[in-house]
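The following blocks contain the structures, represented as structure tokens.
There are two complexes below, and they share subunit A, which is joined by subunit B in the first and by subunit C in the second.
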Partner chain A sequence: PHVPVSPLGPGWSCRAVLSDAHTRTVRRVSWSPCGQYLASASFDGTTCVWKRQQDGFEVVATLEGHENEVKSVAWAPSGTLLATCSRDKSVWVWEVDDEEEEFECVSVLSAHTQDVKHVVWHPSLQLLASASYDDTVRLYREDDDDWLCCATLEGHTSTVWAVAWDSSGQRLVSCSDDRTLRVWQRQDSEGQGSGSEPSWKCVCTLSGYHGRSIYDVAWCHLTGAVATACGDDAVRVFEEVTPVSPMSPPKVHRSHFPAAFPCFPRLTLHCSASVLSTSVEAEPSLRNSPSVSFSRHMSRMARAVFPVSFRE
Partner chain B sequence: RFHGEGFQEGLAEGSHAGLAEGRRHGALHGARVGSEIGSYHGFALTWHCLLQKCTDEKNRKKIRALDSLIGMIQKFPYEDPTYDKLQEDLEKIRGKFKQVCSMLNIQSDFRIGPERSSLTF
Partner chain C sequence: MAARFSGVLQLTELDDFIAPSQECIKPVKVDTKPGKAAAKIRIEADGSYFQVNQDGEEQKLEKAKITLNDCLACSGCITSAESVLISQQSHGELCKVLALNKAAAAHEQKVMVVSVSPQSRASLAARCKLGLLETAQRLTQFLKSVHYVFDMTFSRNFSLLESQREFVRRFHRKAEDKKALPMLASACPGWICYAEKTHGSFIIPHISTTKSPQQVMGSLVKGYFAEQQHLPPDRIYHVTVMPCYDKKLEASRADFFNQEYQTRDVDCVITTGEVLKLLEQEGVSLSDVDPAPLDTMLGGAAEELSSHRGGGSGGFLEHIFTHAAKELFGIHVGSIHYKPLKNKDFQEVTLERDGEVLLQFALAYGFRNIQNLVQKLKRGKCPYDYVEVMACPSGCLNGGGQIKLEGESSKEELQQVERLYESLRAEIPEENQAVRELYEHWLGGWGSQRAQEMLHTQYHAVEKTNSALNIKW
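On to the complex of A and B.
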């Protein structure tokens, strides 16, 4: 099949078009940690797992079971687990049998009461987070032979579109239709027995920065910066500022001075878009002006900024 | 005076009718839940019998899952409709049933075809 080559010279070339597996919109894709497999979640209710071959990709498994549109798929960092979520309100956890390349459903979790939009794995533990139309974020972990919902993070007043973990896995950030970002911190159970569940508390709410729904959020594991994709046509970058003001008293309880996330982007994001594809690559620019700028081409193209991710 | 009497009679009649309707509704709902769980129970017991003979690792996993489903069904409090975790446990049973179907490569009955729904993200 004819694969178009970019006339712009060295850059990106389309290596494969995988068009026969899904019968409806492909909503999300996720690479396996080893890079050999690609999972694709589709509105047709299935999730396909593709294996890299010499001359392209081949379907090695089709995960069925969701009753309607699959909204998200995510590989666990261990490479042995896959999670999917759907409009059918459930989150499914699948285990991969390494050698046989077989996938087995190990749990069907119906903790949410509405459409589940996004699932993301913890960076190092086998802990899963999901975001839903029911305004909550839920966390799941393995227990015995099964999985259970171990925490429900309430606070948002509308659909939670996405969630991202920080590099330590001690915090996660959620973005919502309610135009706010919330940062949640793991609370170690003090004075409780070793068998108790850690709880999560919302330690920061960023409101007033976004003009419309926030559709995606990404937390850079290298720099700690948080980027958001918003329906008001802008990309925003937030960085944590720890108060070092000489006015503040030396001994302060953490609860009185939570870490602040002012919107002073240290980086200017220059968005460049290639002519052939509609993907956008943003690179930190060398200039240091305190505003987000877009190239004229980009602002004509973008109506809303959709997924956002950092190059690792 | 007649107003008051009329009211009392109406209230009594209404309560009586309400009670009857409530009982009907409860019986119907209870029967639905009972028949749903009953069908999962029969399904699980049958497959458990069918897989008894096979002892390889893959089937052991399936049998473990079936045992888990049967256990959840047996623990379900049929006698107590006021059990506060009734809905939760029912969802867990449904989820376990779907997982078992997936392992056995069977389509669970409530499958809706790929209908054209409105655009969602």
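On to the complex of A and C.
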């Protein structure tokens, strides 16, 4: 197949186009911690696991079972677990059998009451977070031979689009359609005796900064900065201001960078959103608004910066 | 709609039930005629719709309907039709029927029969802190406006025997028929509905055609028992007490509807929890009720209760395994050793001789294990000859309709119910005199045509067609 020359200029080349496995939009991809495997989650209801080969990638497993669109996939830091989530309101945890490269479903978690948008693993523990259209974030952990939902973080007043953990795993940040960011802190239950579930408290709500839905959030494990992707065409970076007294919750300082960021001479935000696989592609130039003939919601998404992540 | 739903449906702690699905798999079929141009639609005051064409011509539009039976295959539905179906079979409904029956004229009155599943009995016993026999006797007395109260353990004998024989038949033809094995259990309607809907014609050939104990009871009550009472089947109202809600859907399947007499084999299913509600409604505590002698289908009182070995979901794996080992290999199996795999709801049982594996069976309970099993089957990597598939994690004793005990952890509750359930003497189906008699005199012998009709059923793949409701946007 014709491999297009990358528009991003020298330094990057397109090594592979993996086009035969999915029959609908591929919504998310995730590298395994060892780098040998790539998982792709698709609206066709399947998640494919690709293995790096000499000359490209090959599908080693197709995870089926979700009833409809798979919205997100994430590898656990251990490399042995995979999590997927779907519009069917469930989160599935899969385990890979090393020798056979076979994946088996370890748990089907139906705690959310609506479409689940995003799943992300804790940086070091086998603790999973999910974000949903039901306005909550849920956390899951293993219990005996099954998994259970060990916490429900309520507070957002609309769809939670994404979550990100800080480097310690003691806090996580969620971004929502309600235009706020919420930072949740783990409360260790010292007074409640051992064996009781830690609870999570919302220690900070950032409202008034974003003009529209916040679609993605990333928490830099190096610097602690939090970046957001918003439907108002901007990327924002937040940094924590050292608290004045140990009792007050951390304040966050807001910086608004429409298209530039101190570390890069010029950050090119390239957004191509192909919403249907037979698509009308929405590739915004920085000058014109794209003309997209979808609903207003979709066209806004196509213009927005979506998604965002930090270079490790 | 939710208000009419029997209030006892609750979410349990365990997360591995097959969750209600979003997609309506039964599209609404309305005859469409090609139109020339866009028409306007006018809504009348009475809610009916009229299409007004460009030339002013009016046409009343058909109301699109989904029948209750259409919703069977869905494990959850966008409309509330399914909850209507279930609410049609609630304890409230039962009370209504009982009251109506009492008030009816003598020649119109129905004989009321209740069949109680052993799992429901164990759950009630645990809750009321009574022994199983006491529970059975007192329940019989409590339901005194009902004419007969039977124990479903009796019909389970038939399910077990038929399953055993079916497996051996399939094993013999496995060389020519690739779909003969693995044979998958058929007693769980949650599993059946899911299989028909999601995997359809791929998986159906593997499912045992043997009826579940509930439906065998239906055939016995509306068939044999009705004849004995010199009544047509529609003069009997058959209620079953079951550990889950899916049994309500099973009872409403078209396959279990007697066309000739326009009557269902099982008219109404109530869950264990709903029986408790009934007790509470009447302000009765089961321990205060006097025990009454137990009824049996062949007449005469039952002295004691019995059960079957092999766990709280019927014991299909154990019985089929034991029978197959003897019939196929001449091996007598004493006790069965279960090897737990990934989790406690997925266990293996193997028959070996001189290092060679002769039979490999498995238990697969709960959605995640069912998923893994089906995926293995699809990839041709399923090593099992028989799998006892149940939708509920931990099996029927942990069914969605069982009673939640207060003040104890769900694990302890379940263990208590299991202990009670297993405290009974286990009987061997082949040795049950009443069962043998029925086979001989009513069914015309083992493997007869009549036995096939009465004790076996079939499945239907649900075809998804394109309609506005399931177009993927």
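What we mean here is this: the second predicted complex is superposed on the first by the 247 of 312 C-alpha atoms of A that agree within 3 Å, B and C clash if a C-alpha of one lies under 4 Å from a C-alpha of the other, contacts with A are read in each partner's own complex, and residues count from 1 in each chain.
Going forward, contacts are C-beta pairs under 8 Å (C-beta built on N, C-alpha and C of every residue); 3 or more make two chains touch, one makes a residue touch a chain.
Please read these numbers as outputs of a predicted model, since none were measured by experiment.
Undergrad: Assess the superposed three-chain arrangement around subunit A: do subunit B and subunit C clash, or do they fit?
TA: On the shared subunit A, the partners clash.
Undergrad: Applying the document's definition of touch, where does A:V108 land relative to subunit B and subunit C: first, second, both, or neither?
TA: In the superposition, A:V108 contacts both subunit B and subunit C.
Undergrad: Taking the superposition as given, does A:T23 touch the first partner, subunit B, the second, subunit C, both, or neither?
TA: After superposing on A, A:T23 lies in contact with subunit B but is clear of subunit C.
Undergrad: Scan A:D134 for contacts with subunit B and subunit C and give back first, second, both or neither.
TA: In the superposed model, A:D134 contacts neither subunit B nor subunit C.
Undergrad: Does the superposition put A:D166 against subunit B (first), subunit C (second), both, or neither?
TA: neither
Undergrad: Touching A:R87 in the superposition: subunit B (first), subunit C (second), both, neither?
TA: Touch status of A:R87: both partners.
Undergrad: Taking the superposition as given, does A:Y215 touch the first partner, subunit B, the second, subunit C, both, or neither?
TA: Touch status of A:Y215: first partner only.
Undergrad: Tell me which stretch of subunit C runs into subunit B once the two are superposed: 187-195, 223-231, 277-285 or 439-447.
TA: In the superposed model, subunit C runs into subunit B at 187-195.
Undergrad: For subunit A, which residues belong to both interfaces, subunit B and subunit C?
TA: Common to the two interfaces on subunit A: residues 24, 43, 64-65, 67-69, 87, 90, 104-110, 145-146.
Undergrad: What residues of subunit A sit close enough to touch subunit B in their complex?
TA: 23-24, 43-45, 64-65, 67-69, 87, 90, 92, 104-110, 115, 117, 145-146, 161, 215
Undergrad: For a test of understanding, state which residues of subunit C touch subunit A in their complex under the given definition.
TA: Going by the criterion above, the answer is residues 13-17, 19, 21-23, 198, 342-345, 367-368, 371-372, 375, 393, 472.
Undergrad: What part of subunit A is in contact with subunit C in the complex they form?
TA: Residues in contact with subunit C: 24, 43, 64-65, 67-69, 87-90, 95, 104-111, 145-149.
Undergrad: Which residues of subunit B touch subunit A in the complex?
TA: Checking each residue of subunit B against subunit A gives 61, 64-65, 68, 91-92, 94-96, 98-99, 101-103, 107-108, 110-112, 114, 117, 120-121.
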